[in-house]
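Lettered A, B, C and D in written order, each chain numbered from 1.
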Amino acid sequence: MSLRLVVLFLLSIACVPFAKAAGANGQWLVTTDLWGNPAYQQLDITDGDGALSGVFDGDPLVGNRNGTTLQFTVTGSDGAIYRFAGTQTQDAITGNADYPDTNNKDQRAAHAFSARRLPQRSGNAPQRHEFVPTDYSNEFSPHRAPVLTIWPGDSVHTTTLDSGGVDQHGKTRALFGNPQTGPFFVMGAKPGDVLAIRIKRLRLNRDYADSLDSLVGRAMSTAVAAKAMELGKPVRWTLDRERGVAFPQTPTPGLRTLSVPLSPMLGGLAVAPGFGSAPVSTGDTGRFGGNMDFNGIREGATVYLPVSQPGALLYLGDAHALQGDGETSQYALETSMEVEFSVDVLPNRNLSAPRVESERQLMVLGQAGSLDDALRSATSGMIQWLQQDYGLTLSECAQLIGSSVHYVVANLAGRSVGIAAKLDKSVLRTLKPADG
Amino acid sequence: MSLRLVVLFLLSIACVPFAKAAGANGQWLVTTDLWGNPAYQQLDITDGDGALSGVFDGDPLVGNRNGTTLQFTVTGSDGAIYRFAGTQTQDAITGNADYPDTNNKDQRAAHAFSARRLPQRSGNAPQRHEFVPTDYSNEFSPHRAPVLTIWPGDSVHTTTLDSGGVDQHGKTRALFGNPQTGPFFVMGAKPGDVLAIRIKRLRLNRDYADSLDSLVGRAMSTAVAAKAMELGKPVRWTLDRERGVAFPQTPTPGLRTLSVPLSPMLGGLAVAPGFGSAPVSTGDTGRFGGNMDFNGIREGATVYLPVSQPGALLYLGDAHALQGDGETSQYALETSMEVEFSVDVLPNRNLSAPRVESERQLMVLGQAGSLDDALRSATSGMIQWLQQDYGLTLSECAQLIGSSVHYVVANLAGRSVGIAAKLDKSVLRTLKPADG
Amino acid sequence: MSLRLVVLFLLSIACVPFAKAAGANGQWLVTTDLWGNPAYQQLDITDGDGALSGVFDGDPLVGNRNGTTLQFTVTGSDGAIYRFAGTQTQDAITGNADYPDTNNKDQRAAHAFSARRLPQRSGNAPQRHEFVPTDYSNEFSPHRAPVLTIWPGDSVHTTTLDSGGVDQHGKTRALFGNPQTGPFFVMGAKPGDVLAIRIKRLRLNRDYADSLDSLVGRAMSTAVAAKAMELGKPVRWTLDRERGVAFPQTPTPGLRTLSVPLSPMLGGLAVAPGFGSAPVSTGDTGRFGGNMDFNGIREGATVYLPVSQPGALLYLGDAHALQGDGETSQYALETSMEVEFSVDVLPNRNLSAPRVESERQLMVLGQAGSLDDALRSATSGMIQWLQQDYGLTLSECAQLIGSSVHYVVANLAGRSVGIAAKLDKSVLRTLKPADG
Amino acid sequence: MSLRLVVLFLLSIACVPFAKAAGANGQWLVTTDLWGNPAYQQLDITDGDGALSGVFDGDPLVGNRNGTTLQFTVTGSDGAIYRFAGTQTQDAITGNADYPDTNNKDQRAAHAFSARRLPQRSGNAPQRHEFVPTDYSNEFSPHRAPVLTIWPGDSVHTTTLDSGGVDQHGKTRALFGNPQTGPFFVMGAKPGDVLAIRIKRLRLNRDYADSLDSLVGRAMSTAVAAKAMELGKPVRWTLDRERGVAFPQTPTPGLRTLSVPLSPMLGGLAVAPGFGSAPVSTGDTGRFGGNMDFNGIREGATVYLPVSQPGALLYLGDAHALQGDGETSQYALETSMEVEFSVDVLPNRNLSAPRVESERQLMVLGQAGSLDDALRSATSGMIQWLQQDYGLTLSECAQLIGSSVHYVVANLAGRSVGIAAKLDKSVLRTLKPADG
């Protein structure tokens, strides 16, 4: 399977401007084939006329280069030895690695590897990228070639399709099921870091949204379910951008005069899942974000996601013109959207769950198979945040949460459900921050 | 067991001014002893010189009175015949009833009964009652003698103890465990009606609250639980009524400057549970309300509870100076309170769950053994409300909820947990009300 | 409220044979009125010609008696002082107690108390009591007068009504809702002990059972609920005691030849809940047992329940001719039953959940608001048992449970649901018991 | 992405013996590229000297062939028209398809497609395949090339690795995380059918298993979690195949003499998920089966899984020497295994959940994010089975389940948990089967 990935990455290299490379000097993205499963790791090489030193996935390496032939050895923090030997052709390396066997300390295993040279940026100033997507992903996958490489501080102005794959002109551009724009490769982001994504702009770019008159099973009592056979019909909503409201295009009598304020939100925002995870459906969620469908992710919010792959690989899509808590109708007011976001990388920060920060609040999104477990996850994540950024003890966290937490239901429509724990910054400001 | 109740009620009669009674004319509260279980029902008699007619628990009666000896027959809506024979002594009746057997249509069973005459009000204008409680109840019980009889439209100004039984002067006045002021007997309220309780005033009347540095089990992940042994210590909070904030009296370093806005709420509000239910602990909740611990029940809110006993029997207590969602610290900021409320009776209205109405929102409180089931209950209750008051179809409810519902976690600290479904009145106002 | 209880207990005294008492010597059951809430505690007095010593609820007392006037002082393990002064009339004492205030260490509070002398047994041999019930309880209440006082080792042969209150002759004898036989006062059982109830005999005593064609909400997906409006009809089953099978009396075509093996079980078995708990409906469950509806409680099983009141106060009822796991039809095959049980008291044993022991298995019943929480409770309870009786470490418990536990769903029909964790004795026998 | 798949399938074609093909006659597996998402469908062509007819994914086609150039049109059951034009090179076709747009009835979209000719079997007798795996899959993927094509009635004798990727000789052969043997392509199996997999033989082939002394979070109360930091250590068990028992190799004192009966089971058994699903981790479960970790899947059992892709694509792996209910230790007694299974296809049968049939019982496995939801799914699935195979009404199902169902916890260790609903065949035999 790694063959495919090499192909994809070689293709992608062609699209990206590279600085002139001297020997093996530079940053590389290494793909190792572990019994058919590609593992991605970053390799930084300093090539001193053939004497190689550097860092491979956080561990030191030494080796040498003879023309296009390289060999180097990496020593893990536990003393394990990883040996690589390969051939370089300008911006690519292919070869074989010799790894210790995870199950038997005294045995070793050979794995093919390849590497592509990562681009260097021209200048240090943050850039604003205008990105027009041409294809879309129906998986949050670590294997998909990046559509654009960006740097911390950069912003991207782009668009998203609606959940059915339809663009701002009403044309189908991708397969239904929340097709995503991306992935964006963020230089410097590595597993263990946090990617901060600031939603600078999130605006409607068409005048209708598609929804259903459904109630998800999780919102239905058996008494309601007994009468629910009539539900599930499509409902098209008019989006009146001038007045800032939405209403059904052809309402039934009871909703003839209904008018609901628009409140655009981004349903899907994710980084690629880590090694050992299969690609994830764009309908699913996890610690990496995903189809969170949380109406707190709106213009002005910053979302923090734990990075699990080199470059983070950021995906976004499935925007809603507005949505009640939980997306109880299974489809919210699904529409295409104009989006501008910027990225930053917070190094070496543990994050048990996605975080969202607005002007007014800190929020942690717990996601699990039941609301009960999701609330536990949200609370744990908020405790983690308070301990990391405010230096509070567990007792102090308990007092603060007990007096001040807000819990809202974020999502009921997916395989996992979500609960967001929120704290007002106005209360947090009365604390003396750990670093202030 | 009925003996006890007669005693209690006879005692209570002494405290209430009665209008002059002529024969058996008037409203009576009947207690029937069903194999040791008292059943309470209202009896309205018109006594035309010994010819009796009227209504017993909604069903017509006919009979006669000969001096102090009465007998009458009630015909149920299913044709079942209930015969009563008793002796009247001014404002009390005792006797025996002959009932059909619920398990065997052709058999009958004898049950002792007693009745007390219900008071008549002097004049029709709503009254404001100043009520100083002298004892408190640790059960939401249908068996407890009323502390005061009031009429729809009346208001009551009174006080509540904190959850530990301590009053505004710091004196223990009742057993810990949310002791309640009440019950108040609301004339005219009968099973199937709804009692509307408007919280006209809810004000702190002392300068401290007691809490814990706990996290309830439902809020703890196993990772947090592994470090939670240190928790559970008492924390006294200062209530600064002038500045409108609360802060720990002797804070640990991380909370040295913490200051949280006061937001008084009433944790306990209940009507008596119906026939067939045991008295309920004041720590528990149900369709009847109870220890809901929902921070949406504050000054200005109206709470709607389904009546299950004649007179509703309203209890209130366990106020909090403020509380995060869910009362995650097990004890909120527990304090005594000054309360003024008024009552109204909405006849014949089905209510699957407690409702709360604020200036801004309609709220339904779902309560169950898991958040997942509580959310189902809250949603069902909101659908019921929309169908009753706005005449919406289920499809229209689904659209309105899908676009506009808010879900918050109300309570995590009890045997049942609570989720509140909320809708903004600003959205509902764009609908044409069913009756408007 | 304590008045009522005194009345009940005085009545009950009349029914029980007492040994000749000398002064205040002997065992007493004390009822203290804590702001209207009766607290029950055992008092053992040695009266040496007016010099009193002894034990009150585990704490030492000293005092004196002058004729019928007694006064004594109890010193709690935390040094708190409790003073009692009262008047004895043969087998009863009434008076006042002076207690420290739980909220303010420097304040004290006065509480009325009364006491009744507990009976002494004639001889030491275990007795078999033939008990014919005359009334039944619809609450698991600590306040109800015992129907019989028994001693550890004794057995009782009696009967139970079906859940609708109908006896073996088809006559209604009590109110529907699982009316219980009892409570039985077990001499010597005190809070902190465990009551072991061995079901020596559990036999059908009539030829029919009543059930429903229902599915409880907890067993219904929304898809099934959509078609469930037809359900809820009564189904009478014939109990063929000779062939040992049950079948619907008037089956629909698909069940025309259905025949299910009889397997009598006891749905309700409880001790009284502890101080601070309201009486509990006989439809509810808890750590004290209750309406567990677990089909593992059958002839030959021993049930272990944690004692929370002096005398334990054992209730039993609601037997089923047979029942699938979970009692999904809301009513199992409800019938009257002939029961013989013996009791034993295991002193000072902590029990987080009800335990059941059969010839083949140890079982712990977790009960909670969701199956997820019930499973946690069952597992904790099994770990507790293994640690107490087999001296295992938590790591060893994890290995044993991981390789050998069985989990079955016990109950789905109540407010709480139940999961039983089971271990085979055949596996446990390969361990060396802690005491063996 | 479809390019990759073509490559894989072309490679796989080389490994499979084909019958001589005449023109386009035969069965084809078509891969259509829907905006980067491969869709697999079966195509059966009758080529009458260039006049093409046949069936594409259940719908009729007509067209013609001119040399190696084909074109044909498929008419969907809703009247939609699908046009294909391509070029044949012996056993492969490539070309383009013209499809209606799902979002806009009046628009159409072009999609590349390819096809590979499916093999024909030599002779009709069921075959027994000896299959030695050489690589393993860490995903239940619809995209992976089949390792073997088999026919209904065939059996396969093969081996599985342990969950860590280690074989019977102790050698690491694949990446950890339940690597699977397979997929096996079952000719004739199509979406909507059911694949019946009979476990004819399931035998240990080495003398040790690896486990942990863990408790999964779902089994831990907060009280247990507070002491669980010590857990999570590896435990190697000896598998004594002669005596049929397992015991820790280096037991701690409390388990020194522990001995648990061996009971081999297959943890992982799956068909590929359907179109629109991402590949699924071999640690996950679904309606397609997966890492069910249910100890009822053992030698002699037949497992029924709903087919979602042409050929079903059967995977198996992750066998356990034995396992308590729920796999509470996260790792059961993980070991390699010798397996023989046979397959059958039941056409057009709806299956809401995996089914298992043993000699004694019918079982349905409900899998969901909470035990509460898993039980609902298991019950629904059992009702579906009873309605399909026994012709029962919902009322009859309710009676049968209420009197006779068993519920056990199957799995607690994955993202979803499992509950199995079981009915004894001895009870079902008293019913007259629908077809009997």
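In this text, a residue touches a chain if its C-beta (ideal position, glycine included) is under 8 Å from a C-beta of that chain, and two chains touch if they have at least 3 such contacts.
These numbers come from a predicted model, not from an experiment.
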Return the chain whose centre of C-alpha atoms lies at maximal distance from the corresponding centre of chain C. A
Determine which of the two chain pairs, A-B or B-C, is joined by the larger number of C-beta pairs in contact. A-B
Length of the line joining the C-alpha centres of chain B and chain C, rounded to whole Å: 30
If you average the CA atoms of chain A and of chain C, how many Å lie between those two points? 54
Chain A and chain B have mean C-alpha positions lying a whole-number Å distance apart equal to 48
Chain B touches at least 2 other chains through residues 220-221, 223, 228, 370, 372-373, 417
List the residues on chain D that touch chain A in their complex, please. 4, 7, 34-37, 101-104, 107, 109, 135-139, 141, 164-166, 170-177, 179, 276-281, 284, 368-370, 372-373, 415-417
Listed in rising order, the residues of chain C that touch chain D in the complex are 211-215, 218-221, 223-224, 227-228, 230-231, 233, 235, 237, 246, 248, 252, 254-261, 322-329, 332-333, 352, 370-372, 375-377, 379-380, 383, 390-396, 398-409, 412, 417, 419, 427, 430-432
Flag every residue of chain D that touches chain B in the complex, lowest number first. 217, 220-223, 225-226, 228-229, 370, 372-373
